[in-house]
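Please read the structure below before turning to the comments.
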Amino acid sequence: MNTINIQQKFNKFRSNKLFEMFVIFIIIFSALVIGAKTYDISPATLRFVHFLDWLITFIFLTEIIIRFIGEKHKKNFFKQGWNIFDTLIVIVSLIPIEDSELAIVGRLIRIFRVLRMVSIIPELKMLLNSFLIALPQLAYIVALMFIIFYIYAAVGSTFFAHINPVLWGDIAISMLTLFRVMTFEDWTDVQYETMEVYPFSWIYYLSFIFFTAFAFLNMVIGVVVNVLNEEHEKVLQKNTLPEPTNTELQIEIRELKELIKKSLKNK
Amino acid sequence: MNTINIQQKFNKFRSNKLFEMFVIFIIIFSALVIGAKTYDISPATLRFVHFLDWLITFIFLTEIIIRFIGEKHKKNFFKQGWNIFDTLIVIVSLIPIEDSELAIVGRLIRIFRVLRMVSIIPELKMLLNSFLIALPQLAYIVALMFIIFYIYAAVGSTFFAHINPVLWGDIAISMLTLFRVMTFEDWTDVQYETMEVYPFSWIYYLSFIFFTAFAFLNMVIGVVVNVLNEEHEKVLQKNTLPEPTNTELQIEIRELKELIKKSLKNK
Amino acid sequence: MNTINIQQKFNKFRSNKLFEMFVIFIIIFSALVIGAKTYDISPATLRFVHFLDWLITFIFLTEIIIRFIGEKHKKNFFKQGWNIFDTLIVIVSLIPIEDSELAIVGRLIRIFRVLRMVSIIPELKMLLNSFLIALPQLAYIVALMFIIFYIYAAVGSTFFAHINPVLWGDIAISMLTLFRVMTFEDWTDVQYETMEVYPFSWIYYLSFIFFTAFAFLNMVIGVVVNVLNEEHEKVLQKNTLPEPTNTELQIEIRELKELIKKSLKNK
Amino acid sequence: MNTINIQQKFNKFRSNKLFEMFVIFIIIFSALVIGAKTYDISPATLRFVHFLDWLITFIFLTEIIIRFIGEKHKKNFFKQGWNIFDTLIVIVSLIPIEDSELAIVGRLIRIFRVLRMVSIIPELKMLLNSFLIALPQLAYIVALMFIIFYIYAAVGSTFFAHINPVLWGDIAISMLTLFRVMTFEDWTDVQYETMEVYPFSWIYYLSFIFFTAFAFLNMVIGVVVNVLNEEHEKVLQKNTLPEPTNTELQIEIRELKELIKKSLKNK
């Protein structure tokens, strides 16, 4: 009875608007501290910043404990991806890392605290979710694009490797060079270099740009059509619910006929 | 009685097509004067241009006074953002600034006169308004994009600051560098430099380009869907008003049934 | 009687599929001759190419005369923009130009013969017309974009002219530089140069990119919405013609009611 | 009877999920072997890779024979483009090429094996087909774009050839340079060079960018509208089948009228 009481109290507390605002404020403050650390700062300020780091970690720990106690079904807490993400961030922040190798991991973890913003604000969470949902739909186009990249990279590294090994040395480097060509970044420099040896190599670049541009276009259209269809269905559901369909009208007219037929028989 | 008379006269005057054309002509002329000042001109011409500047300011002052007197409810005049903008431009133009520091402000104000074109032509006003209305709808995507930029800038300035402090010195400079990467502007130069130290840093750039491209795509789609929905609703409203809905047809059919039921009872 | 006979004969002739194919072949051949002239060719070949030039001009002249005689109402012939264009091209080609100054005009005219392809093939003509029709709809967005360019160019040439007169010397050059920035072409070079003097000038570039990108986006959306609306209306017209509307159904139901009311009165 | 038995057995075998998975695995393995060959490898490994190459060719040969025997109507087998493609790849792989000239063809053929992935996975096949179907619809816009390119290239090589023969030497090189300008790749370098001789040549570049951008925009819109129309029609077909149209409702109402008229006459 008592534990349920505590749980309900904590649940109320974590849903409190002020508590939420405070957590958002701490996350923004934490982001500013991360930003500050990238500037050249005096050792005294650095010590202060380290102290703030620990303070933020402590506040985050307290917040997660509050949210955990406030949860009715303790098991469900770790079924939500964002809760696991939050807990991991805090736990890794708690481990005192002095070693230079692992210090980088500690720093990265502190940077990823900014992502907690997404887990706190529902609109951003929704946006990221819709982004993650859209990904698998594009899987086949990404696969097709990868095949295009792979074939062109194999051809490129076979023919151009002796011209410029930095750009076409092996298939992995060639794929990076092709990505560069796709973004139009100094692609003519790459092209003019190979055209000196193979004058017709412009066919290679132009066909590649054409295929990837078209595949990318298909990707964009795929996303647009998906979004529009979803919107369309939402509108349809909203509109058709109170409005009778032609089918319902047909049923009414048929009932009418039955009535008139009866009246004819009755005579 | 007399003041109302004057107000009505001025109101008629400011709605006059010729008066409007004259103001538009003066604004275009003012824009040309601004343009002329950027060329190397002889002192004599410069003096003449200064005279034109004062003439334009005087005409604008007269125009605003006419529009103010023509306004029925004097209080409403300053409730419209564009009126405040116009008045401010004229007032600041009237202050004689000789000081080199403030002279720049005077120049800027004279340049912003060109924006008065937007306040005069209703179609441009509407276009800018629709642009300002669209902004808050994109707020969450901009926020998400800012978080992506902030995290990548923090990671970038942590790892790459010692490689090239000009590009990755602190978090602010890193964000500018990332914006450059997003526009594909010589991004491979930035990438090849860091790849010499961290051979796998291409993951950093490719993932960043992927995330921002997708966020930008979502933004565009968001705007397109909004515009299409508005258009769709306009079409719906235009179409459905004269055309009876199925609901109305259903009512008519039910009235019919009632009539027939009555005729059956009557027998 | 005789002239009408000739006119009908020529009209039949110009509508002949073979005649059309021949003209298209001559235009393509003319385009190839133009292309050939850009290569280094021997004097003998050049003389032959000149002969071909005159032959093509002669064939085009004959073709226009045939089409003119084939026209029923001679006045209408010069009411069509494409006929005037074709005639002008041929007439200017006929003038023997030796002078080096005017020789360029003669060359240009010969190049523009390729555009005759558009006037011959109806699908290309339609495409170009739809392109010209779309232009005025975009007039206000283009005007808004020009105002943005003009203001930024005025600000740019006021502040940056002493840093790099080649890029920001006067308002015209500044607008060209801004167009370059809009296409993301080495825009960071321009930016880094001014940031050395004004460290906050990145605000200038980022806000400009933001405004123009958004204006451009609006332009694209405007065109898309226009096209979709036209398509939508076409679909509506096609669908609604054989299908009775709800209004027509309502009329039928009302006639039904009248019939039943009559039957009730009759009793 | 016996042959039909064998054919059915082989048909069952080739539709087997495990057999399909095995073929996909071999194609991926073949792609990895192709990738491995682009790295510097020891002669021993190279010999092993060559052995793998022959093994893959043998497996592919076996697979095609199985699929051919499994085919009911032997003639239909070579009517499908993908079967011809697969057979060609295998046959050319079988020819032992030692000559350095033809060795390149052999290498290319081995690279194109990766495309077999598309012929095996139905979703990728569908994607590529939809891509090939979309191409002819764009034919006229591509033609218009080619005419724009050709005219600008002719003008460019006429006026700019003496400025920079590398970029504007003849009409073919000029078209390549214009493609570079269209992708905004260091286009200002090209422009500034010609502006030193012809100060107004920026008109040439800006008008070209404008025309091609607009033509490209039209192309994108054309594809989007096509896709949306197809989607729209799919939705229409799905929705209209069970739902009676207004026409059907009208028929029902007319039958009703006939019934009532009869009842009136009967009295």
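Chains here go by letter, A, B, C and D, matching the order in which they are written, and residues are numbered from 1 within each.
Here is the rule we use: a contact is a pair of C-beta atoms (placed from the backbone, for glycine too) under 8 Å apart; a residue touches a chain by one contact, two chains touch by 3 or more.
Keep in mind the model is a prediction, meaning the values are calculated, not measured.
Between the contact lists of chain A and chain D, the overlap is empty. For chain D, the chain whose average C-alpha position is most distant is B. For the two copies, chain B and chain C, the CA superposition rotation is 90 degrees, given to the nearest 5.
Shared residue numbers account for under half of those found at the interface formed by chain A and chain B, and the copies are therefore classed as meeting with different residues. One finds 29 Å separating the Cα centroids of chain A and chain B.
Centroid to centroid, with C-alpha atoms defining each point, chain A and chain C lie 41 Å apart. Within chain C, contacts with two or more other chains are made by residues 184, 186, 224, 228, 245-246, 249, 253, 256, 260, 263, 267.
Here, these are the chain pairs in contact: A-B, A-D, B-C, C-D. On the side of chain D, the complex with chain A involves touching residues 31, 34-35, 38-39, 104, 107-108, 111-112, 114-115, 117-118, 121, 123-124, 127-128, 130-131, 176, 179-180, 183-186, 220, 223-224, 227-228, 231, 235, 242-246, 248-249, 252-253, 255-256, 259-260, 262-263, 266-267. Note for the complex: chain A touches chain D at residues 140-141, 143-144, 147, 150-151, 154-155, 157-159, 161, 169-172, 174, 184, 186-188, 202, 206, 209, 214-215, 217-218, 221, 224-225, 228-229, 232, 245-247, 249-250, 253-254, 256-257, 260-261, 263-264, 267.
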